[in-house]
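Two complexes follow with chain A in common, the first pairing it with chain B and the second with chain C.
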Partner chain A sequence: MGRELALITTIFKKDLVSEFRAKESVVTMVTFSVLILVLFSMAFEPSRRTVEEILPGLIWMSLIFSGILGLNRTYARERFNDCLIGILSTPIAPYQIYLGKAASNLVQLLFVEIITFPLYFIFYDLNLKGSLGILIIIMLIGSVGFILVGTFLAALTSNLRANEALLPVILFPLLMPVLLAAIEATSAVFTGLSLDQYLPWIKLILVYDLIFLVMPLLLFDYLMEVD
Partner chain B sequence: MKLIPLLKKILFGSTFVSMLTALYLVFEWVPIERQMGPVQKIFYFHVPSAWVAFLAFFVVFVASIMYLKTKAEVYDIIAGSSAQVGVVFTAIVLITGPIWGRAAWGTWWTWDPRLTTTLILWFIYLAYLIIRNSAKGNEKNYRLAAVFGIIGFIDVPIVFMAARWWRTIHPVVFEADNIGLPPSMLITLMVCLLTFTLLYFVLLLKSMKIEQVERKIQNLKSEALKAY
Partner chain C sequence: MIEGINISKTYGSKNVLRDISVRIPMGEFVAVLGPNGAGKSTLLKILALISKPDSGQVIIGDQSLINTPGELKRKIGIISHSSFLYPELTAYENLQFFGRLYGMDNLEAQIIAVIKKVGLLLALNEQVYTFSRGMLQRLSIARALIHNPEVILLDEPFTGLDQHGISLLQGVLRDLKSNHKTILMVTHSFEDGMNDVDRILILNKGQIAADFPTENLLSEDLKRIYHEKVAC
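On to the complex of A and B.
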């Protein structure tokens, strides 16, 4: 078990370090998600009363859109010099590569969230009626679901032609349940509903996270097989 | 070896006969529904199309698993062909539904769980076909399509669950109440279900045949190139 974890963290660290040095996706992701925020507020010009209704959807849409940018880089990074083949020939198993990369993508996405989240409160002059702790938990588990499916499907599309355009097309339909649940739960926290009114949504996100943790572990080998 | 062509002939023949019967039953025999009028007849095409679509996607799921397990080319061809047929029938469901809905409910579309799920289902398998199309001629990429065929199918029940909760928390505009069908309508529906199921297998076989011929031509081409 300790060895397993060490192998996973090797990939995790490698991805984070190379990202930290190149700073190619995180900077783009942050800028893009702030940009979406600004554009949306121009497009909808939310008044005080409507802001609580549209903001949860807006937050998640901007996260998903900027997250896609990072996901597309995950495996593109390994294409130079056949790096992926190199990694596969080490003792690290394919599912460990998957988990390491998912963890590194998650950290990058959370970084984007930490920067952009306060901006929502500033730009939209929002006062939160529910608890901040629960909101953070929802953001966290929702992001986990998105990253788990996203990292898996990014591996799938990285093998195909026109892969950067393809990823959102195949990812968004599968994301629908977790996205819907996260938006509903977030908006419930914003409007200050009691926890038992949106607990089903949180459970749904957790079930989704679990299913899409197990499925990639079963299937990831097939994506990495080299003929 | 003569058995398979014979079975195919029987399948095509019975589909033909059953299609004519179904058309007769729907347009001549079954009485016109009193409240909704002739538009209710869409029901006899809408429901069987939905059934065929789900059947087709289930076949994609099973064939994808079999393909990953055995690596036998035929399962990949079954999965791909079945997905094509499934997407066409889902499109029929999505087109006939609003036509009926406009007449019966007064609106083209509502975010009812079943409608939402069908729409997402259509997108998922469209994505599957896109993957498969950009995977042409490369065996590794057929594996990618199979993986997506499995993941996509697993996702469908969660989509339905999410859509149902979404609508129970929001006000429900239209309650899908179960009206007991009179016998004549039930018989017609059953014949239509049978017909569409037979039609599914006919289309599946045709689509598989096309795929097989395409691959054969590809192989011949690459062989000819090598010889050249």
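On to the complex of A and C.
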């Protein structure tokens, strides 16, 4: 177990160091996310009630779109110099590559969230009626679900032509359950509903996370086969 | 020792490898020649355990892939015309990354040893994107040897190298051979690296067209045999 975790950590650290040096994904993701926020705040002047209704959807959609920019880079980096073949020639199992990359993608997305999330409150003058702690948990588990399925599908499309355009097309249908649940749960926290009223949405996100944690572990070997 | 037994591989309707068997005893240096599309690189990828054959098996030492794929990969080092190196990382970080994937102990000492061997000690902490093609290939050699593999597989390793790089790689191959490493090199060249080769396989249309020792073989003879076998 310790050895397996060490291999996952090795991929995770390598991806983060590469990204830290190249600054290819995170800078683009943050810029894109902030641009959406600013453009929407300039385009509409909604009432407070409307803000509470639309903001959860806006937050999640901007995160998903900016997250996709990062996902597209996940395997592009490995294609350069045929690095993926280099990794696959070592004793690491494909599922360990997947988990290392998913963890790295999650950290990058959370970094974007930490920067942009407070800006939504500032730009839309929003007062949170529910618990900030629960909101953070919802953001975390929703992000985990998105990254797990996104990292898996990014591997699936990485060797295809027009993969950057293809990824969102196949990702969004699969994201619908977690996206819907995350938006509903976030909206409930914004409007100050009691936990009982949105607990089913949180449970749905957790089940989704579990499914997309296990499924790629079973299928990733096939995705990583080299012709 | 590395052995591929009855290996076949098909891409779509094309039979890239047709029931090929190859055995390279410990310490032997074998070169695989053949035209484009003969199946050379596919054979190398299968022997390197990064591509699965449709049928057949690979044995390294006395271990089969079916039982111990991870252990087997520890015995193989690959040098390709692609470096497999990350440009944003330093030479040290690249070697550390691959060393960790091989689960090596005492990694620091081994990194210094291999980087000295390829003459890049002064560039150890430089990011790889600043490296010339020759430096990249030297670091690629260090990466392939970091875990002291028993079997070295080379895929067109001389591609794009200048004379200095060619000399250095030839020196490394000579050194590996003198240390009784098993070496298989896929190449297009009749010259580069061929001085130390013990045996030549000519691959054509997914089959072994010729298999002969290089003892007393002149370069002209090799070219004649090659063109005879590939033409038919």
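The criterion applied here is as follows: the second predicted complex is superposed on the first by the 227 of 227 C-alpha atoms of A that agree within 3 Å, B and C clash if a C-alpha of one lies under 4 Å from a C-alpha of the other, contacts with A are read in each partner's own complex, and residues count from 1 in each chain.
Basically, a contact is a pair of C-beta atoms (placed from the backbone, for glycine too) under 8 Å apart; a residue touches a chain by one contact, two chains touch by 3 or more.
From a predicted model like this one, the values you see are computed outputs, not experimental measurements.
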item: Chain B versus chain C as contact partner of A:P173, first or second or both or neither; value: first
item: First, second, both or neither for A:E225, with chain B first and chain C second; value: both
item: Which of chain B and chain C A:I85 touches, first, second, both or neither; value: second
item: Chain C-contacting residues of chain A that also contact chain B; value: 225, 227
item: Footprint of chain A on chain B - complex, ascending; value: 68, 120, 123-124, 127-128, 130-131, 134-135, 139-141, 143-144, 146-148, 150-152, 154-155, 158-159, 161-163, 165-166, 169
item: For the chain A and chain C complex, residues of the former touching the latter; value: 3, 6-7, 10, 14, 17-18, 21-22, 77, 80-83, 85-93, 225-227
item: Contacting residues of chain C [partner chain A, same complex]; value: 11, 45, 48-52, 69-71, 73-74, 76, 78, 80, 82-89, 93, 97-98, 100-103, 127, 143
item: In the complex, chain A residues that touch chain B; value: 152-153, 156-157, 159-162, 166, 169-170, 172-174, 176-177, 180-181, 184, 200-201, 204, 207-208, 211, 215, 219, 222-223, 225, 227
